[in-house]
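Chain IDs A, B and C follow the sequence of writing; residue 1 opens each chain.
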Amino acid sequence: MDDTELTTRLQRLEDVMAITQLIASYGPLVDSGAADEVAAMWTEDGSYDVEGWLMENREAVRSMVLSRPHQRFIGSGSVHFMGTPHVTVDGDTAVAVCESLLVLREGDGFVVSRGGANRIELARTPEGWRFTRRVARTLDGSAEARALLHS
Amino acid sequence: MDDTELTTRLQRLEDVMAITQLIASYGPLVDSGAADEVAAMWTEDGSYDVEGWLMENREAVRSMVLSRPHQRFIGSGSVHFMGTPHVTVDGDTAVAVCESLLVLREGDGFVVSRGGANRIELARTPEGWRFTRRVARTLDGSAEARALLHS
Amino acid sequence: MDDTELTTRLQRLEDVMAITQLIASYGPLVDSGAADEVAAMWTEDGSYDVEGWLMENREAVRSMVLSRPHQRFIGSGSVHFMGTPHVTVDGDTAVAVCESLLVLREGDGFVVSRGGANRIELARTPEGWRFTRRVARTLDGSAEARALLHS
């Protein structure tokens, strides 16, 4: 195997693994309320569009974690459970698609409050892979939510 | 490290990652109703045996996605959530074992309709890894469902 | 690329993948009641601290799987669903953080009985990566549970 092929194969594995690991950190960080670390998953001007709530940079993502609704979730107990992403890398950008569950503590147990579709666009940056755009929609049968999963 | 050892190690990582990625694509594809793409996860004569519904080739899998029960699921909102598979590769075949949740929208929220055991046999093909056989059973305490997880 | 860099990069991928695979085997093994195999995920004196139940070696983990409460879970149908872990490797030790759901069959469907935070410490052993310490807490809003996710 020549050195170029080797580097290409190693790099592809590293990219998919790094993106998988980044996405795996979302739930633990957002459910522990680590606002700065959650924000740092995005690029400085990365966006997060979730059910009509459009955050357009890190500061907006940080504010979402600190917001009263999110603090109420984690104060009572929440699990933002992200599925294994399907990752497509194209040079220094990538697209990851996955489903997610929002599970909230209620009474003695937990309820699944939302099942979601996620399409995440990423860029390779000096800090590593970061989200440039995440769109999430509730899987409620709408064509829009389903299209996110098939992109 | 000699070239043979290197190739072996790289190949093993690539195989597990490719199989993990294939399985990660199942939920997004089946919940968006992408019948052709779901069918293409199997080999032409691959089988899917789920709770007494036996599909014996791609066309049967495709028909399942287009069937009224499945269309009702996705028309209302469904999440076929597959856990990270435990993968054992043996040359050009592999076995992946994982649990799964079927989460359906109901009223204002979602319910877990089924917790499942999955045993997936795969083959390396010119198109990449494909399912040759998937068996799924509800985890209802039966010895059969539990045996799938321990194979 | 020189041989040392290559080995380092391959090894890091293999470590994260091996740990991810080990954790992926937990649910299938514990839900099928494979007491010996579950116990063997830990080192001989590895510990598992879950909600005030402290197991301090393999034998204690094995006894937990064989215990009446666990057998009742799997006799009725349970899914110990582990999220993709975020893994940090440091030489021959590692830390993996993930969330988990305990889903139990109830009536015609399933309920989410618990959403959990997991912090797992591991060691590289001659048998492969093994748990030296796992701490799990219900995500009930407590600072302790949230701190596990942010460590």
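Just so it is clear, a contact is a pair of C-beta atoms (placed from the backbone, for glycine too) under 8 Å apart; a residue touches a chain by one contact, two chains touch by 3 or more.
None of the values given here were measured: they were computed from a predicted structure.
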item	value
Pairwise touch network: line, ring, star, complete, or other	complete
Type of chain B:chain C copy interface by residue overlap (half), same or different	different
Cα superposition of chain A on its sequence copy chain C - rotation in ° rounded to nearest 5	120
Centre distance in Å when chain B and chain C are each reduced to the mean of their C-alpha atoms	23
Sites on chain C at which at least two other chains make contact	6, 10, 13, 17, 84, 101, 111-112
Residues of chain C that touch chain B when the two form their complex	3, 6-7, 10, 13-14, 17, 20-21, 23-25, 27-29, 31-34, 37, 74-82, 84, 101, 103, 105, 109-112
Residues of chain A touching chain B in the complex	1, 6, 9-10, 13, 16-17, 83-87, 97-99, 101, 111-117, 138-141, 145-150
